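The structures considered in this document are given below.
Here come two complexes built around chain A, the first alongside chain B, the second alongside chain C.
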Partner chain A sequence: MNSVRQQTLSARLTSFFLGKPLGRQERLAGLAMTLPALIFFIIFIGIPIFRTLLLGFQEWNAIGPITWAGLGNYQRMVDDQVFHGAFFVTLLLTGALTLCLTTVPLLIAVLFNMGWGVFGTIGRTMLFMPAVISWVVTGALWKLILDPNLGSLNTLLANIGLPMLQRNWLGDPNVVLWAIGTVAVWQQLGLYVIIYYAGLQGLDGTLHEAAAIDGANARQQLFHVTVPLLRPVILMVVTLNLLNGIKLFDVIYVMTGGGPVNASQVLGTYMYRVAFANPGLPEFGYGSALSTVIMILCILAVFFQIWMSRRSNI
Partner chain B sequence: MTPGTHPRRRKSPFTPARIAVFSLLLLLALVTVYPFIWMVLTSLRPRNTIFNGPFIPEQFILDAYPQAWQQTEFGLHFLNSVFIAASALAGIVALSTIAGYAFAKLQFPYKRLIYVLLLSTMAMPATSLVIPLYLQVKGLGLLNSHLGLILVYVGSMSPFSIFLMRAFFEGLPNELIEAARIDGASEWSIFARVMLPLARAGVGTVVILQFLSIWNEFIYANVLIQDPSKQPLQPVIFNLVGQFNTNWPSLTAALTMAIIPVVIVYVRMQKQFVAGLTQGAIKG
Partner chain C sequence: MNQQDERNNLSRRDFLRVAGLSAGAAVLASCVAPAAPAAPGAAPSAGGQPTTVRFWSWYTDQQDQFPKVIADFEALNPNIKVDLQLKSDVEGAYLPALLAAAAGEDLPEIYAPHVHSIEFGRQGLAADLLKDLGADFMADFFPSANSMFLLNGAQYAVGWMAQTMGFFYDPDMFAAAGVDGEPELWDDMTVASNQIKQKIEGNLGVMQAADNGYSVNDLWFPMITGFSGDPDTVRQLDDHEAKWTDQPVVDALTLYRKTLDEGLWQENQTGIDQIACLNALYAGKGAAFYSGSWNPGRIYKDAPPDLVKRLKVMKTPAVTAGARHWTGNSAGAAFSVANRSPNKDAALTFMQYLYSPDVYAWVMSDSVSLPATKSAAEQVTDPIIKTMASWLPDGCRHWLTGPAGQIVADTIMEFTAGNITDPQVAAETMEAGAAKLNYGS
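What follows is the complex of A and B.
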């Protein structure tokens, strides 16, 4: 790039008439322009990442001195039942949400792509509404709807003659994950529908027409034309889902705080409890070890994306 | 249609399949917005009919709004949120336009390395950084101050904004830069006078997307600001859930007031919003 740029006539003229050494100004300006972003990055992302990793090998209660713990925090994880549960629930929710929110929005987007004019636009706007609302408001709102005694869901079930389906949605360990999963789907479904819909709009329609002429029905067109063409978008949606699942925190913290009896405890809520909402002193060391686990899961998700996109390019 | 041209089959809009699909999508859209409708209706309900009245209340009462406004000191926290969002946005826009332009249009040493470094951690969630950031902000003496939270937002949200601005500047022609160089303009004035004015749409996308992220952010706000009078809206709403136990009209009124700004931003600037979002997601 650089050599090509330097050989353009205008650039040569510039250096000839102004007598400036070619590109030196540009190089200095480039460095100076990225420096502020780099400084912010180092202070608010770079150093914190190293500190998380470091604190994971230390013990600190915010008052006493920082002591070296070696692998103590990680050994504690091996025996910590709450951690086992939180790790499992994180993977379970991430897997279930990824599966659901990769396939269902694609089907809905295909249906929207049948051409509904202004109705389609209104429908997508409605569907997308929850995605602009914060997780806190989402959690607060659904906590009311799912309230076992007064919530509108149980009231509705009674009114339509299905009282046997009533549950203590957020208080029953066997039901709570279904409730949280449903709320997460409600919040994010529209986002992925919009992403898929934009992908579908960008596709060349002639391939579908050719497939239709060859006698492919709607289902065959979907699996043999649409899905292969949308591969990059699907991969992106999978990655976003994995990352969103791993970092799930706010909505669970608001609705259940990880309860009942840790049934909905995920890594994020457990880290928060250990570090900031401990009944005793905060345990920044163990909290950081939990943060490190979250970080590693995110890095695995990103590697998965890179690996998949490399593989499909070859 | 003249004879001889390929006769285009016009699909009737009312085939049974289309009606079924339409009903399905309509049902889906209604189920999705139902909680919002329920929320607004509950906030307008007389208190004694919250739990047993008809779905659409017989009379609408606005009492819950002033009540929620006063009890939560809503105005104060709303202004806190506005101040934090506006300041952080100013920082994010400044950092990301300048850096995005440099990454898109200038050649300089270590360019790729710096870019990859900035972008590689974009996926790091707040839950994995909140402990050291808390210590970092505490170390700077900025705990319980708006400035500390603002700086954290600028730092954590800039990489994605830089990514968006770089993509936008790459779409602008190089000829303008070359021409300005011949005229003897400095690199900084080329950026500020020639390129930045052309990047308004890109800046708009960054502002909308990051406004929503900041307005809705919870974990940093909750950890870094514990002084009640300085808190932005989200932690306040979180605390309300426990406090307003059964006073549902006040609680739903507060929730409604809290989402009004994002709903306005979303409905009014939907196009840029969706464009930025899909661009970010698909090109990422």
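What follows is the complex of A and C.
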């Protein structure tokens, strides 16, 4: 019975990964070839994840003994106002950026796909350029631009007669998320335009021609031909945006450090503050619990992608 | 398949054997403890290997001076090698590395402890330098430069660069706005700042870096001492021997609120960090900047030469007429010695050399830094550093090392941003957070 079960499981695993059943020797060869990577994964990813999960139930300040905390760290989250704010801001930024960076690049890519010759090439290059700059450099650059007193944005607004639009971009809790969101869109937009553009280039043009012959206008072609055909690409873009949003850290760390008054604190920056930038000793237990929450959100995003893929038969 | 092919091709079975053996060997190799290297700080081996003293800090102020000091020391002590590691990114690189070393019980022999001196001392990781280097070694330090590293009579670090806080200012701008002399009280400073903003169009007046609570603490903690008259008050708050709702704290918050409400500081202060304040000062957009004695070296490198020539520094104002001008001074820069290192003796030898009067005075003077010892302070020639050194007897704590650091920093930011406006409420918020924390033994 067990043997049958093993064979079934083995067959199911092979068919899941390779799509065809393999012989015993082939399976062993496959295992041998993947073993170095598996060992690497276990040592550098698996064990740290397990250790983080475990630390989430413990308290440790790096120099004292590790003590068992049970669910204490998770209970602390219930009362922790900074965590509540960070959780909300993480979801808000993730949702807003996913929406924005899924729809706007698609429209721009469709425009580029209409032609434009050399101007299209220049436009795509210019849009893509910010994506090759690291988040840290992006953050440092925009921090200078958004300086409320000496920054070029407020200076520009004053010079063109719009001083009423000047803001304390990174120092006003009501404005800071807009500023960070705009910078994130500026940085990522080009990348997703290129991904969509590549997808559009691979579409069969005859479908659009057929739709045009049937009397579909440009809007109808976009929503009833282009978007359905691009569904795998859109799904990938949504997943990437969800994961990037949940993990958002570097640009906020550089631009505001989570401030002012925790207004731009996300789970990543809060976890870093608790675990590594605490003014006292680090709280690795609570930091690990926060990391676990981030990991759970990422897993949910991946499940969402898998669910959508299956639902769409992709 | 011919014979040649059979010889050159690996059969599947052979491949599996080789792969299995390789993987097994890799696992075994990773499990076997590495051959023990010569203990890094052990006495010189028979082969003549010198003892290594690992020396970690983030004080790039002395990045040009440390190599020369180390070379001179090594020439005098050929059996000791000093391995310097400077990491300028304190939060991103230095502290994680230091804590990892502490967690692994492998602290570098000499290290800048940041805010961890007392905790490391409690855990037996930091040496009691009073015991190991003697009272004579300690006698030359300003008490305020060492007080935050002292616990139950044990000295777990000694000050490297002292800090005093004050206003770096452009005297021409003050004169142009009709401000005579240096403001004595916080109220006078508020009047001066508003006068500058009115008379010089677009000027930000007097600035503070208020993008984070720790910088704001630099400003309002000396106000607490100003009202208590006791430089130990902030230490008592840090250890929760005093309450954050005590009168000096409420008075200090009330005074700070007044400076906020009456327009002492620049617009948009919560979005402006130290670098932005310095840039505004260099660009002639700000008249004065409240900050610490770690700035002159940086200002001399970055500011326009004509501003460098006329730049001055003035005392932190007093809270009431005739009161002392308490100034933040905690020797944020300090060095500790790893207590359990086998190379501790070599580390202590290097510490004695590093702090020997001539060497230390030269390093401080050459790097335009504020010394933590009286003898070195007497040898300072830079006019701004000399002025700030003269305030060291009025030094008081301007940061916390205990667990309440974050709650106090967060609350003072809420207060600065105007989310909390009542000083009593701010004090109660701090106390409510601080009372829940564990202060150790």
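Keep in mind that, in the parts below, the second predicted complex is superposed on the first by the 280 of 314 C-alpha atoms of A that agree within 3 Å, B and C clash if a C-alpha of one lies under 4 Å from a C-alpha of the other, contacts with A are read in each partner's own complex, and residues count from 1 in each chain.
In the analysis below, contacts are C-beta pairs under 8 Å (C-beta built on N, C-alpha and C of every residue); 3 or more make two chains touch, one makes a residue touch a chain.
Just so we're clear, the structure is a prediction, and the values are computed from it rather than from any experiment.
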item: Greater residue coverage of chain A in the superposed arrangement, chain B or chain C; value: B
item: Chain B versus chain C as contact partner of A:N168, first or second or both or neither; value: second
item: Touching partner for A:P130 - first (chain B), second (chain C), both, neither; value: first
item: First (chain B), second (chain C), both or neither touched by A:T67; value: neither
item: Touching partner for A:T103 - first (chain B), second (chain C), both, neither; value: neither
item: Chain B versus chain C as contact partner of A:Q220, first or second or both or neither; value: neither
item: Chain B versus chain C as contact partner of A:Q25, first or second or both or neither; value: both
item: Which superposed partner A:F249 touches (first chain B, second chain C, both, neither); value: first
item: Partner chain in contact with A:F276 - chain B first, chain C second, else both or neither; value: both
item: Shared contact residues on chain A - chain B and chain C; value: 25, 28-29, 33, 36, 43, 150, 276
item: Contact set on chain C toward chain A in their complex; value: 12-13, 15-16, 19-20, 22-23, 26-27, 30, 91, 95-96, 99-100, 102-103, 115-116, 119-120, 123, 125, 204, 211-212, 214, 266-272, 276, 279-280, 283, 285, 399-403, 405-406, 409-410, 413-414, 417, 419
item: For the chain A and chain B complex, residues of the former touching the latter; value: 1-2, 5, 8, 10-11, 13-14, 17-18, 23, 25-31, 33-34, 36-38, 40-41, 43-49, 51-52, 55, 108, 111-112, 114, 116, 119, 122-123, 125-130, 132-137, 139-145, 150, 152, 155, 186, 189-191, 194-195, 198-199, 232-233, 236-237, 240, 243, 246-247, 249-250, 253-254, 267-268, 271-272, 275-276, 284, 287-288, 291-292, 294-295, 298-299, 301-302
item: Interfacial residue positions of chain B with respect to chain A in the complex; value: 18, 21-22, 24-26, 28-30, 32-33, 35-36, 38-39, 42, 50-51, 94-96, 98-99, 101-103, 106-111, 114, 117-118, 121, 123-136, 151-152, 154-156, 158-159, 162, 178-179, 181-182, 184, 186-188, 191, 212, 215-219, 223, 234, 237-238, 240-241, 246, 248, 251-252, 255, 258-259, 262-263, 265-267, 270, 274, 277-278, 281-282, 284
item: Interface residues, chain A side, partner chain C - complex; value: 25, 28-29, 32-33, 35-36, 39, 43, 61-64, 82, 146-150, 168-173, 256-257, 259-262, 273, 276-282
